[in-house]
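We call the chains A, B, C, D, E and F, going by the order they appear; numbering starts again at 1 in every chain.
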């Protein structure tokens, strides 16, 4: 069976992925990640203390914040700072990013420090949360390397790697890495976060209009496994440069 | 392999489920749902208008709000109204409930009306969001019956049924319908929403500490299918009374 | 002179009052109180510290919060947590509840602890604040018994008892314990809080449309004294079970 | 029985009351009222529309806002605008002022207009809410005269007059018009609003520490009747100048 | 060249300036300053601690808050406390007042204390921020005298004096101390803060509609120097009384 | 007299200025402007309506919003969206940007449209507001060209050009275009906005610690005139590409 994806990609084909380290200079880790036209600036900031609920345990903490510049989108969205609160979608995404990254950090090895991952979308074209997770991992590794270069921590708190991708059923066909044109015309999609051991860290599948069958789900999971394998490779290449 | 669940239940055993219709009198639909010690009051309220972004389309809207009484939990939580904002968890859950219920409503048949599902947790013991979805479906049907009894709508906008359950890996064993004792001691859990056609509406799996393998995922999905089958039956019985 | 109260009650007749202890299980005190169709869940929660302004005095504190479920009323009200603030009516009522209950607590005997009384209206039919005070007293006693059973305090900090009722002039006749139908058709009403020594703790009389004469005021106070006597008896019965 | 009030006043003696009309120039009514050292600026502002919930009824609306300058008090209080919300006490007082003044306005005669009474405390020494009501009445009359001078309304919407005073039990003796020194050393006090027909519009009595007996209540009401008689006379004199 | 200023003043003529000390009694410094019909109540409050970011440095802090009573203006403005936030104009003005006054305070001599200058506009007719700075200086000196009278500080932390005035180009002519009629009909205006050594502390010139030339700027600065000289003299007279 | 600026620049030397048009793709105008290490993304968004206070006048509106990514700075700042409000500095800067750009727009020629200039700082090294104004002008011109290319407006609403630069006294010497190292070690600085006719649009000079003399002010204005001349040339070059 054949479909024409709006971008002309094959069903199991990622968009072009670029990972630029050191995009800005103040943060301990700073990565500009692009999944096609989606561009997210991910910074990792180290703070030598932990939130109140973590104090005195000898463990560190990893948290995340997510934002979208008002004109990252086709039409301008309200600035959340001006509206006076972060929307439900924003909170949901930043909680997801934080959980995903905590899954590869040994908090005892980190010590009583907080690493904050700020993921700010400069341009949106679908898949901002999966690009954010994939890029934030690289920023996190850079921040940890910065700590280790100063000999502030004895052993590496990052174990394994984490990446994320979206999959969905577009016009009846399971496809990988939805862009905005597909996302807005497809009511079944799933965000998948995995580690480099092939384990699932997060699955968030939504079928607001049309429920998906078990066999569709299986096909989507297969696509995600393939795509995440490639993303993990991109991360390795970027970190080796 | 055997484990002792804290409650003594079998791995594939739901807690006792009760669905009390007409629990309060003002709402068009009002259901007290219990999954064991978890008790959620779900009301469905009809308003003869739609939000601004839906106006003039001839379609209805279904939305949800979720709240937890301050002392629904073991230790008292802050009242969100007093803190001045709803937390990320609350927003995430109410967005989930709304999406789940919209999946079984034909918005054109509903006409320009909003149905708001308020799910307020009177007592929490794990699984409040899945109980809320399961109960809110019954409240929704009652509200629609109220509309139809007054001949305000020509045909039934509810198609099929929707229910939800949690599943997780507890001490290495996949189990159904986690209670609080299991939930707090198990870092892999998944909330599953399905319809009565066996289709998946939402999957939200989280493995903050420990990633789950594909075979675990398959076992969890199987448990969820079984559990949701029983919940759909409970809903049918309640609606037949 | 005869009037027909919408409910058919005599002018000096309370609605049916029920007080169910242990309605939920986590709180140290948990009471579902009903004045007819008005139902309020009152929980008393103990916290082993006091607010900043009370610290270091060796005294305890009693505070209250009040909420109304969105569909406790005939038409749905906005959820205060979603609007981002508690309204003036809510703040006024919770301040009243707290003052009323503090009037029967010896804060030195309580020690540096806070008891928070959460009064959440599940269904409203007039008189929610007076039902809340009457029920919260019972929850407070239960919480204090819980403390004493654990020998955390040496002597009973609760002295006497407190209950509340509304009175008003309905179609020219002073009546006791207004329900919603009366309340909305009567612009003179008064909430009265008294203790079991016959002392007045709070009087809040409002005549937005029509001012009340001194003789009407005297009649209303007489009705309140009678009604509160019966409520104090109901509290005693409930606490003796 | 004799007591020494801190101010040396007799138990039934008001503080010196001054009512200055035209204190500022932009408002349709502007009154600086003093009860001894308590000074409140009351302005009445006319707006030729009504709030949404009143629209299309052909009736007007009267509302009030209350504020305290940060250093109106002995020690500086936080500015409510800076804290981002009005406290419960402020909301309670402004609701009281508005209800009190609505009790002497024929809203049909006012037409679809809103009169906002802003009561801002420049200096506080007890009794700010009763001074505010007493002064706001004069500002309201001035605003209505302004309307009538322009022939915008056909007949006078203000009927009768309204004034307010506090009473309390200070060291066992009922006294009139509490100042700060008495208020802070006396836990039984009552604010009384009456009209010039001798009718009660609001009674708000609070006995946080010590409950008051019926005979004390009667004595307090008698003092209030006397004091309000004098205040109504002060209003008449001011309006005649 | 001649113009008629609405007030009939000469181009380099200030409005009548009055400075009343001790206008209210609780604050350590309390000044009612009038620039013509603009009237601002400035209080200086002393607190024996400093904000968190200043702690432990052995230095004091000077801060300011600005407010406008709702009916200080021709038409009523919303109360910022009711809207739940201070507007950008308010924040901008209070930051300006604070910087201006900090410029004449030796924070080491002040010790770990905060002086808060509250500037509340009772009536507005243009130039509220310049009147506020000019009056707040006098309140600040009074508060410091209060400290010195109690021998709480060893040496005077106030060096020199600070005053402010507005200047602008009105119908082509540079004029001093704009009133509301001029301000609203002139799109080039500048607020100037100077000390008694002839130094500039703040310059804020805005030409939203029409840009000003260098020679106009020079003329405006000259007018400001003259006007501020007179204001400094008024401050000295007030402080000598 | 010689000083060593930290960057080695001459006193009248700008940092390297780069203006990249079309940096993102959705906005009608999108410019990345750099003043040395300070990098600001300026987008211009067109909306075919105006705010309520401008409706029905046949005129357009130009507004601005300013934000700083949390890790644009040396140490991470709180995200304003998370804190729930924009700080005073942010509001002050965005009001300045908006006034500056409105000074070169003929609002009648624009018609009933709003152009919103979003200036988001990706990296901060001093001078973010002056870089923002300089870049926003180019984004504004691009947005207007977009409108004209679609023939939505008949004539060009932009007249002249606007640019901005900071100047200050660093170690006694007036210097142009302060970077962060200079800015934090120099308490006299001024932001100057000018147009291409040599007119001043905004002057904001602040001397919190040390007041500046008239001759210093004259020197600073001279430097600003020179610097802005170069910036206007950079804008022209960028717009000609």
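Rule of thumb we're sticking to: contacts are C-beta pairs under 8 Å (C-beta built on N, C-alpha and C of every residue); 3 or more make two chains touch, one makes a residue touch a chain.
Only a predicted model underlies this, so the values are computations on that prediction, with no experimental measurement involved.
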Seminar exercise, completed: D-E, A-F or A-B checked against E-F; over half of contact pairs coincide for A-B
Problem set entry | chain A-chain C separation of Cα centroids, rounded to whole Å | 51
Exercise. Measuring from the mean C-alpha position of chain B to the mean C-alpha position of chain C, what distance in angstrom results?
Worked result: 33
Seminar exercise, completed: Chain centres from averaged Cα atoms put chain C and chain D apart, in whole Å, by 28
Exercise. Where in chain D do residues touch two or more other chains at once?
Worked result: 84-85
For this session: Start at chain A, step over to chain B, and keep going round the ring; give me the chains in the order you meet them.
Result: A, B, C, D, E, F
Seminar exercise, completed: Within their complex, chain F touches chain A through residues 24-27, 30, 37, 39, 41, 43, 45, 47, 65, 67, 69-76, 79-82, 84-86, 90, 116, 118, 120, 122-123
Exercise. Chain E touches which residues of chain F in the complex?
Worked result: 85, 87-89, 91-92, 94-95, 99, 102-103, 190, 194-195, 197-214, 217, 221
